[in-house]
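You will see two complexes here that share subunit A, one where it goes with subunit B and one where it goes with subunit C.
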Partner chain A sequence: MEAKSVSAVPAKLMKIALIVGALCGLYLMALSSHAERDQLRKASVDLTPNCKAKLEGYGLVAAEHYRSPYVQAVNGVDSTVRGYSEQDVRSIQRGCNIVDDLQGQLAKRGARERWNADRFVRGTYTTCIHCHQSGGDKHDTAGKPVSGSNNLGASWVMADMYDRFSGLIMSHELRQMQCYINASNGFKPNSADDLIRDVTAYSRFLSAALDQKMGQRYAEQGLDEIPFSATRRRGDDYVRGAHVYREKCANCHGPQALGMVVQGKVLYPALAGPQSFTMDSRMYFGTLNSLMPGFICRNMPLGAEGSLDNQDCRDIAYYLGTLPRPAGDRQGPLVAAWQQVMMGVMPPLTRYAESLGRNHTEHPGD
Partner chain B sequence: MSSLAFLRALPGVLPALRGNLLIGLTLAVVTLPQAIAFSTTLAGLPPHFGIYAAIWGVLFTALLNPSRVFSGGPNTTMSAAIGVILLPVAPQFGADYIGYAMTLILIAGMIQMLFVIIRPLGRMLDLINEPIINGLICGIGLFLIFKSLTGFAGLPINTQVEWPLWIAWQSFMAVLEIGNLYAIEIGLITLITSLVARQIRALRNWAILIGVAAGTAYSEYLNATVGLQNTMIEQIANLSSVGFVLPSLPLFNQEAMSDIISILPGAVTLALLGLFQTVAAMRRMNRKIGSYTDSRKGIFADAVSNCLLPFLSSLPTCASFNRMWLVYSLGGQSRWTSAISALILLLMVLFLAPLIAIIPMPAMAAVIMLLGANMINWEDIKPHFRNRGETVVFLASFLSVVFLDLFGAVVVGSVLAIGYSKWEQAHPKISLRGNVLKIRGNVYYASLPVIESMYHTAIEREGSVVIDFSECYYIDQEGIRWLAAAKAGQKVAFADRRKSDDRRELERRAAADQKRKSGRRRGRTDRRQRSQF
Partner chain C sequence: MFRSQVSNAPGWPQFRAAYGVDSFGGDGYFTRAVQNGYNLFYFTPDYGKRFTRKTAADAVHSCSSCHTAEALAYGLVNSDRFDAGLDRRVSFEERVMRCYAGPMDGFIPTLYDPAVRDIRVLARAVAHHLRLSEGARTDGS
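So, the complex of A and B:
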């Protein structure tokens, strides 16, 4: 009995040593990861070409006060607000880079420079600028922010306000999380993550650069809904939608809306198919859809925005909603399986049907 | 006269009372940090909800359940379920959230009451076997570890349910990359101190409290040297509302109705999770201590308590096997132990509130991690891997918690329970030796296809069969009809249902009887013959 208890002591000590060792190992890992993050936070930021142009245009420098050249040019007044520290400037620059190039395809150290944002989205081509065009700050030819263009500065000034789509009072951090979950079928980063903080800093800077005031609703914030009442009241029709799509959209997004990728860079995003993770963001015909038409009408086609009428936008959105794409978290396993099957079956079938149509057009007498 | 009798009994009562006081103190010390951790870290409710569950929940269940060792109180799984169910409905710790939590507990209590009133429904709970319960418990233990990761590192709790493993992995990476290092240090000190203290026999029952004390001491040291404004460590704080009792009302109004309807499946989950654990814990305790208390008494105690507790700002209650075993192993032999522990806890809270208020949240998260790890006990799981059926049921139950939500896990668990028991019943052990077909199990509509298949094989091979159903437990009407039809076929004989010894004895008696009868007959014949002559 005594021998047993004596032999149990080293075993117990070994167990304690193992537990303490494992936990200390975790702590050392945390220290190392923190040190790496700190280093990245202090490092100078390589801006993407778009961000370089945008932030230089808005005169972002570390100083005690900030004067927006944009406000001066548009309003003719000199608006001075509190300036930014070196640390703030780096944070804003990183935020702009994240919005412009989420997965770090333009970065030297890839995803690491973007705080590993690729962990939180699905697919290799998902990025913010597909919805938040021009780095979340789209302007028309007259230099005015485009109405219904998902402007990030306008979104920041509505932080902690009632969100009409989710029905919640949402902070800017939570709004960003919704993007990860709904617009990319992804996972939400922790709200204290640099990824969220930097984009928040960038959005906040945009609001200062555009002289947007807290709590004000701006036309460029979010999307303009196009309800049925704003159409020609013919009812949404995906056949008409397919026709308009082929005419106005297929040149860029491809005949089956699978997007255009050249040398690993997304020139035009996929609106359907395996790289389109947008089913939870109203790209599903089963969802009452007045948002997607709003996005199309205000932001598409690039360079000819506003050329489509409301009914066309509703038809295109309805057509796109019928195309197969990976299901989101809300649809459940049956829809997910069905979508997977359709993604395999539909493209060859559509190609075949279109080839029949072409033959028919070429030989009307047949 | 009666007062004199009482005084005469005092010398015998006092030592017993002193013993119960010591056990009650230990139980209170074990329960206090858990109760606070359950409410703040898991359920998303202020700390007094856990404390009142440890006071009123323990007291109610001790009074309502006649078992000597039954101990109710706040429960890990039920607290976690409240957090998971209500997270999408309202922001945690807010007034709406508290109202919905009380409504949820009340509805769960009323559902549990149905299991008392409708007797067969209560009996259904006995179908939940150990592999299912252990699978659920292990899965929930793993979930608790993942769930407390963000609190452990002082990070904000994300506002959607942290259930899938992938999100748990993201939380782990967040701990490493952006966790508050001060928080991680406090959590680690709590964990290490508790784990080391648990290895020392004399400190085992106090291990969690010692860990929390060490974590709190380090947190106070940090506050003194670095400052709370720099450490940014969340503390429990504000126990001013804790008094003898704090009445509350569940939220029932027209505006809340759509949310209340949406949490109904959650209420069913909560009710079933409590009942599963109570029934399993009572059965296990009955076996351990060699006594018997009907588990329906436990169901009754849970149901009544959970209908009352929402009006007292308390978490729901159910049996805890670990606490029951602790009481028993310390020598607790009466319900007074639990009642005394509740009263000691009340006194501790009333007088030690300022100390409880400075406990850091990472220490509470570490407590939850420890409890989660304790729920995964290899000694409990090991026996299930010796039987293929049990292995499948255990794994399915475990994986359903890990990959589905709690409601899904409870549904899978219930379906598995019924499916497993029916599968076992429908597969009697049938052996064919020579022409004897022995059936061990049930002969009923679901097992007949299995029996008939073997029976026809035997008939084809042997020509005739003796069916031995001496070890059959149950034969239903369809079974009787089949046996009758088989017997009518002239190729079947039935072996006697009694054991061979009984059969031999019976045959000996029958032979003796036969002999006696034939002797009597012979005597009668002789007499007849004599009379004829």
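So, the complex of A and C:
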């Protein structure tokens, strides 16, 4: 009896010591990662070439006042607003880098310079500018923001509005999270994470640079939609879409829309397959059949934008919607598993089927 | 918690007209959130009970005891800036939380609570009425 209780006490102590030790270890780890974050916040920012051009063009420097050279040049108005401190400037710069190069492919220290954003996306190459072109601030040749170009400044001034897809009032931060989850097939960063806050700082700066007013709807916000009613109502046809795709898009995005990556750099993003947006994304034809056609008609094929008619764009979007891609949260595990299998099986099958087709002589009028 | 109905507190019809809230739609989600923000801002002890120890009997009992709606709007477009005192960037939401905990002698709502969100929505509506852009300063220059 006596001996038993003597040996039980040290065992218990050992257990407690182990738990306390583990907690201390976790605490130290948290401290060191906080210290690392702090260091990153204070470090000067290496801008990507795109961001350097954009932010210099907008005259971003730490000063008491900020006056947008763009607004002066284009609108002929002198808009002087509150300037930015060194810390705020760095936050905006990091935000631009995140939008331009989400996973740090252009950064010396890789994803660490982007708050390890690669933790929140599954695809290895997704980045925001694939869909929010020119760093979320695309201009036409006259220097005006392009209508329906997913402009992030215009998005900031219209944040907090009711979102008809989620049925929520969505802050700018939540809209970003949606793009991590759906557009990038990933996970939700915390609302107060530097990753989100730096992009918000960047969006807010864009709205200052473009002199966009709070609560005002601008044509450059979101993507233009092409509903069925904007066609001659012949009906959408994915077979025809596949044909147009092969002609106009496949040379860049690949025959099965899996994108093109050369030496670790994405030249052309994937529009289907594991590197692409999910079935919950608004880009997916099955979720919202008017948005992707709008994106295509306005922005693609790169270099010949605006050359497709509305029906072409709907057909292509429909076709892209039939290709296997990751399921979203709303589809559940069965669909997710099925999509996973299809993403593995379909590309080689399609390649095989097409290689058979090539042996036939083409019929005139095919 | 989502409520499709927001109580009509005194002064709301006048506020609604004065700040052009209806330009966001007569009965939209956004408009209702503005109204809830209005209630919170002017009648904090009634609508933000959980986050303040103040009662209507106190001399200083609501956000409006110290702030005007206009100041709140300017606060929004000047938020997310570096605060030298705190040595970090501070969001609008955090400012609101701090005022619940400090001057309102209460508790901190979470970031997603309507008690925070609808104050931001209110600020946004007023900022829209004043046609403010990012970083607008009170002296108008």
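For the reader, a short list of remarks on this structure follows.
Throughout what follows, the second predicted complex is superposed on the first by the 323 of 366 C-alpha atoms of A that agree within 3 Å, B and C clash if a C-alpha of one lies under 4 Å from a C-alpha of the other, contacts with A are read in each partner's own complex, and residues count from 1 in each chain.
Everything that follows uses one rule, which is that a residue touches a chain if its C-beta (ideal position, glycine included) is under 8 Å from a C-beta of that chain, and two chains touch if they have at least 3 such contacts.
This one's a predicted model, so the numbers in the text were calculated from it and none came from an experiment.
In the superposition on chain A, contact is made by A:34 with subunit B only, not with subunit C. Within the superposed three-chain model, A:140 lies out of touch with both subunit B and subunit C [touch as defined at top].
Of the two partner chains placed around the shared chain by superposition, subunit B and subunit C are both touched by A:192. Touch criterion met: A:211 reaches subunit C, while subunit B stays clear of it. When both complexes are overlaid on chain A, the residue A:16 reaches subunit B alone and has no touch with subunit C.
Of the two partner chains placed by superposition, A:247 touches none, neither subunit B nor subunit C.
Shared-chain residue A:354: touches no atom of subunit B or subunit C. On subunit A, the patch touched by subunit B and the patch touched by subunit C overlap at residues 191-192. Residues of subunit C that touch subunit A in their complex: 24, 28-30, 33, 73, 76-78, 80-82, 88-89, 91, 111-112, 117, 120-121, 124-125, 127-128, 130-137, 141.
Put simply, subunit A touches subunit B in their complex at residues 12, 15-16, 19-20, 23-24, 26-27, 29-31, 33-34, 37, 116, 119-120, 174, 177, 181, 187-194. If you check the complex, the residues on subunit B that touch subunit A are 150, 155-156, 158-160, 166-167, 170-171, 173-179, 181, 184-185, 188, 191-192, 195-196, 199. Taken together, the subunit A residues at the contact with subunit C in this complex read 41, 66, 79-88, 91, 156-157, 159-162, 169, 171, 191-192, 197, 200-201, 204-205, 207-208, 211-216.
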